[in-house]
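Every chain is named by a letter (A, B, C and D) in the order it is written, and numbering of its residues begins at 1.
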Amino acid sequence: MPLLQVKNLKTYYQTARGYVKAVDGVNFQIEEGEVFGLAGESGCGKTTVALSIIRLLPPGGRIIDGKIIFNDKNILTMSEEDIRKIRWKKIAIVFQGAMNALNPVIKVGDQIVEAITTHENVSKEDAWKRTEKLFEMVGIDPSRAKDYPHEFSGGMKQRVMIAMALACNPQLLIADEPATALDVIVQAQILKLMRELQRKMNLSMMLITHDLSIIAETCNKVAIMYAGKIVEYADTKRIFRDPQHPYTRGLINAFPSIRGPKRKLISIPGTPPDLLNPPSGCRFHPRCPYTNDKCKKIEPELKDIGERHYVACHMSW
Amino acid sequence: MSLQKLMEEHIKSLREFANTFFKNKFGVIGVAILSVFIFMAIFAPQISPYNPMDVKSIGVGKPFSPPAWIKIFNKDIPDDSVFGIMGTDELGRDIFSQIIYGSRISLIVGFAASFTAVFIGTIIGLIAGYYGGIIDEVLMRFADILLIIPGLPLMIVLAAILGPSIRNIILVIGITSWPSIARIIRSQVLTVKEMKFVEFARAAGCGDNYIIFKHILPNVMPLVYVNAAINIANAILIEAGLSFLGLGDPNNISWGMMLFFAEQYQALLRLAWWYIFPPGICILLVVLSFIFIGHALDEILNPRLRLRR
Amino acid sequence: MSEFRGYIVRRTIYAMITLFLTITINFFIFRVMPGDPVSIMVSERILKPAVVEEVRAMFGLNLPLWQQYILYIRNLLIGYLGYSFHWKEPVINVIMERMPNTILLMGVSTIFSVIIGIVLGILAAWKRGTKIDVTILTSSLTFYSLPVFWIGMMLLMLFGYYLGMFPIAGTMSRPPPEGFFERILDILHHMTLPAITLTLISYGEYTLLMRGTLLDVLTQDYIVTARAKGLPERRVLVRHAMRNALLPTVTAVAISLGFIVSGATLTETVFSWNGVGRLIYDAMMMRDYPVLQGAFLIISISVILANYVADIVYGILDPRIRYGGQGA
Amino acid sequence: MPHVVVISMVDEVLKVINLKKYFTLRRGLLTSLIKREPPKVKAVDGVSFNVKRGEIFGLAGESGCGKTTTGRCILRLIEPTSGKIIFDGKDITNLSQGELKPLRKDMQIIFQDPYESLNPRMRVRDIIAEPLRIQRICKSRREEEEMVMKMLEEVELTPPEEFMNRLPHELSGGQRQRVAVARAFILKPKLIVADEPVSMLDISIRSEVLNVMLRERDTYGTSIIFITHDLSLARHICERIAIMYLGKIIEMGDVETILQEPKHPYTQALTAAVPIPDPDHKREIIPIKGEVPSALNPPSGCRFHPRCPYAKDTCGKIEPETITLEDGRLIACHLYTGK
């Protein structure tokens, strides 16, 4: 039984001009101890998937359809009180905006203590001791728990966020672009820390990023999202070695590498679609080099082409 | 989402702007109320049944007569003790006509004083924000002082020294209320100034004047409009206050001045509610209409509050 | 910590500059404006010759302007503001006699309006888009748009003249009632209507500000974090959102003090409340310029000092300033 | 007027000598009266390099290393504190903005943020034509329009008629950036500073914009200073590269040499930290810890020494001078100076 199963998830945003179909029928699952990557470009709906899982959509956002089954229970039908108990205790999340994810007027230690005491019946002193241990674990001097967020650098703040995320020993950690705004060296340090902690604690992790290189070195499995849908979903090595969907191929080819042979960078023509009025049929068809009539009319389904390699494309194969 | 992107998304052609504006409930209500008063002000001589100030018309009704429709509730009042639709004042003049003529002063003072303040404020905000440094420091320090000094006492002092006239009231309100606008404009200029299109213009060899008028001012104007609307509302309130204190122009009746006379001639003691009620409500409506319009403009032009991630 | 000290030093110096410039502006308004400056400072028609001589000497009215300015500053430092034409006593005495009444009225109504404003603002933001929100917004805007003196007149006519529930004028009954508590009650009785008036016009601004700031804060990333941590909604609101939203409100209270003083001037006039605001009105009607100048100066100085205190409080409340860093 | 191509004797379009830019922290009027010496941020602290004609020269490093400031100083958008900028054989360090104006048509800039780089109230045609108008290039409106149309075609915003009258908000990020490229190239400049021109664009459209830029460069023989934090991208675009750390160039040379065999410990760490889009790749160990210290109080000696795994006593005391190694690279590190 997988830890998390997302089935046909549809999350739309209501705007003045109509519904933005940010997530439109997404399926995937995360096994225990697995690092699952969700990759895609800006606006493809990957963050919305994360927010749907903990049911914290911004105003206007609504889950229209689907199931999110976590530990055999459907999160989407739970009461507000029940989902509140799952947040952080079972599913913790590290956000993209490391800079602003901590409350500027509360000491960082207190913000972690608060997470612990909300979910566990421990005294403040014990929680504080645990906080100091967490600080050590993520490589920060425990005495700095008494400092305010503005006294930390960007990388340190993200470490604090990771410490906070692990405060209640969650089963699933969602990391939404955890290192994007940071410099390369710090980014590498943060990712390394996350990999180590994941292995040590046998955490299940969902890593959301636009950067395929990060996926390549971190995740076991990966799903590629395009315009609110998953277009390809398989083992990471498989996807990099043998990408099937034209979008995945384009994306991989667009990434420059510092090692290996130097090659011409290839781009995907056109621009990502407006999710208010997504293209008919396959959403990638206006940018796809292999488009035929079927692609314009019929939406391809995500099909297993063997060895749990799923592709949503009429051309396959 | 960057400020720039937000700004761009809300720049539309005039027609589109009008469409958006009239979809905004506040905007429609504001414009509707305001049009009524502007109509009143323009056609005051045609609409008002009597001359509100003319000495010859003293005695059109008895002093302090309640409005005629009061007879619906109390039939015992004799016919010659009621008058018109709003009654009469201490000299028996028609209050309804005064209300109509009063709209002229409110709107004139509101627009003129606000124009003065917005004009000064925008220029000072542009200069302070664009040039920065010591110029900015001096101008903003000066603005801060004017902001911090209690406005009405300062205006009372100025008006008392300058003497009562519409021009002086406009001047006094104008020169004391520019600082808040200057501050807002300045901070927006600081943001726009840092934007890359300004830097590109400099890299292409554009001079300061060109950059200020071609690149910065157009991107500051939305804020100017919003603040002009709010500023008119405040100017109208201040004019009423000054007139109520007896600093109004004695030759032109205004709503504030009506209340000044009401107070002076013991209208409260006589429970002459018909004398006190209408000016206050008119001030409220006009002020509210500008606040509504400002609010609507703000929502359309300055979408910070509307677009949440 | 030195950042904080720097902040305090900066604020102190700014307050001093503001004070100095206000005093200077005050000097020039009354000497450079059209009209005979001597007759503004001293009235030979009304005052006794001895007094006239004293005032002339103290202000050096025959000396060049810059020497007058030096004398003016010296006089300020020793608390000499001139001699009232109307009350026939030193201006400072006339003002100080009325100061407590104004402080009392403004203090009470500011406290009430801040509390009401903040509570309604939080409520409106919390129930955003509901009927409660719309009602609070509309009423706040309406009271903000009404002339303060008109609200005073309506209250006075209804509760004073018509229902006779409250006194129609003054600060205290004449003669004052016997006994300490009776006197306090008497003052409160007189103060009710003016205080309500002032509260009504000033609470709206705080409501709108609190609502706006809170809505802004609620979209911040750290609020999403707090929710994601599974905190109950009430705790997110109280512990995480309100603390950040209250900070700007502190500044707003200080900045709006000038606005409240303006309101108080009108309110005191309507209710014949024996304070500095009413004094300004009376002095203006009597053309008692020394009192007008003095009252304006004292009020301005008080507001500047109150602002200064608020700045310091803000610095203490915001850890970004208290412990240095990118704050301020 | 026939376009006279002046072939200069020098094959360098730009020579930067010991460029420094110290920012004085802005303080209130009063604080500056009380304290004598205002704190200074040494954003650029003695940078020397040159750019050959038609070359793409990379300026890379982490945020706050001074790469952007260097780019701005070269164009005199920021006044350098000291040093020399020799552009096209002319010392432009001390020219007034007025004297600089005619030279401005030979040097241009492309920015990172596609949303901030175009005035939201101007139409595409006006945005692209702005440099023409400032420099008074065109004699008639028709000539101007033709040039704008030609430029739009070159950056593949076709048909040009369709894009001419658009406002920036009617364009996608990639299209905006192409407008920025068109605007920068319309005067056929000799040098363009491209400050992270694609880092805010989605990966799938990056190369399109880059390719447009590179093709323009080939057409006009423009030199480009390519400022970037992305070493993988730099590798694919640049011919030579300079790695900056806290206001100094610590290693400079041919891009493949520097990135494949980095010699400076910082460059080694930086290249090792770049993630590789290949799941089979085994990550190298990054030997350094911590983050970049503040430029307000840079470390003494070699600025990298507190984080350097090979730091010796000398590193904290003596600043390493820049030396040339046999393979032609320049490096500033005591491991190679022999001290």
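Definition applied: contacts are C-beta pairs under 8 Å (C-beta built on N, C-alpha and C of every residue); 3 or more make two chains touch, one makes a residue touch a chain.
This is a predicted model, so every value here is computed, not measured.
In terms of the stated touch criterion, the partners common to chain A and chain B are C, D, listed by label. For the pairs A-D and B-D, the larger set of C-beta contacts lies at A-D. Averaging Cα coordinates per chain places chain A and chain D 33 Å apart. Per-chain Cα centroids separate chain A from chain C by 53 Å.
Across the assembly, chain B contributes 308-309 as residues in contact with two or more other chains. For chain A, the set of residues that touch two or more other chains comprises 58.
Residue positions of chain C touching 2 or more other chains, listed in rising order: 14, 219. Across the interface of their complex, chain C is touched by residues 141-142, 144-145, 147-154, 156-158, 160-162, 233, 237, 240-241, 244-247, 256, 259, 262-263, 268-269, 271, 273, 276-277, 279-280, 283-284, 287-288, 291, 305, 308-309 of chain B.
Contacts from chain B toward chain D in the complex involve residues 2, 4-5, 7-9, 11, 134, 137, 195-197, 199-206, 210, 215, 218-219. The residues of chain D lying in touch with chain B in their complex are 28-29, 75, 77, 100-101, 104-105, 107-109, 111-113, 115-121, 127, 130-131, 134-135, 167-169, 180, 183. By the touch criterion stated above, chain C contacts chain A in their complex at residues 219-222, 224-232, 235, 239-240, 243-244, 247, 318-320, 323, 325-327. Interface residues of chain A, counted against chain D in their complex, comprise 41-42, 153-156, 183-189, 191-192, 210-214, 216-217, 236-237, 240-241, 250-252, 254-260, 262, 265-269, 271-272.
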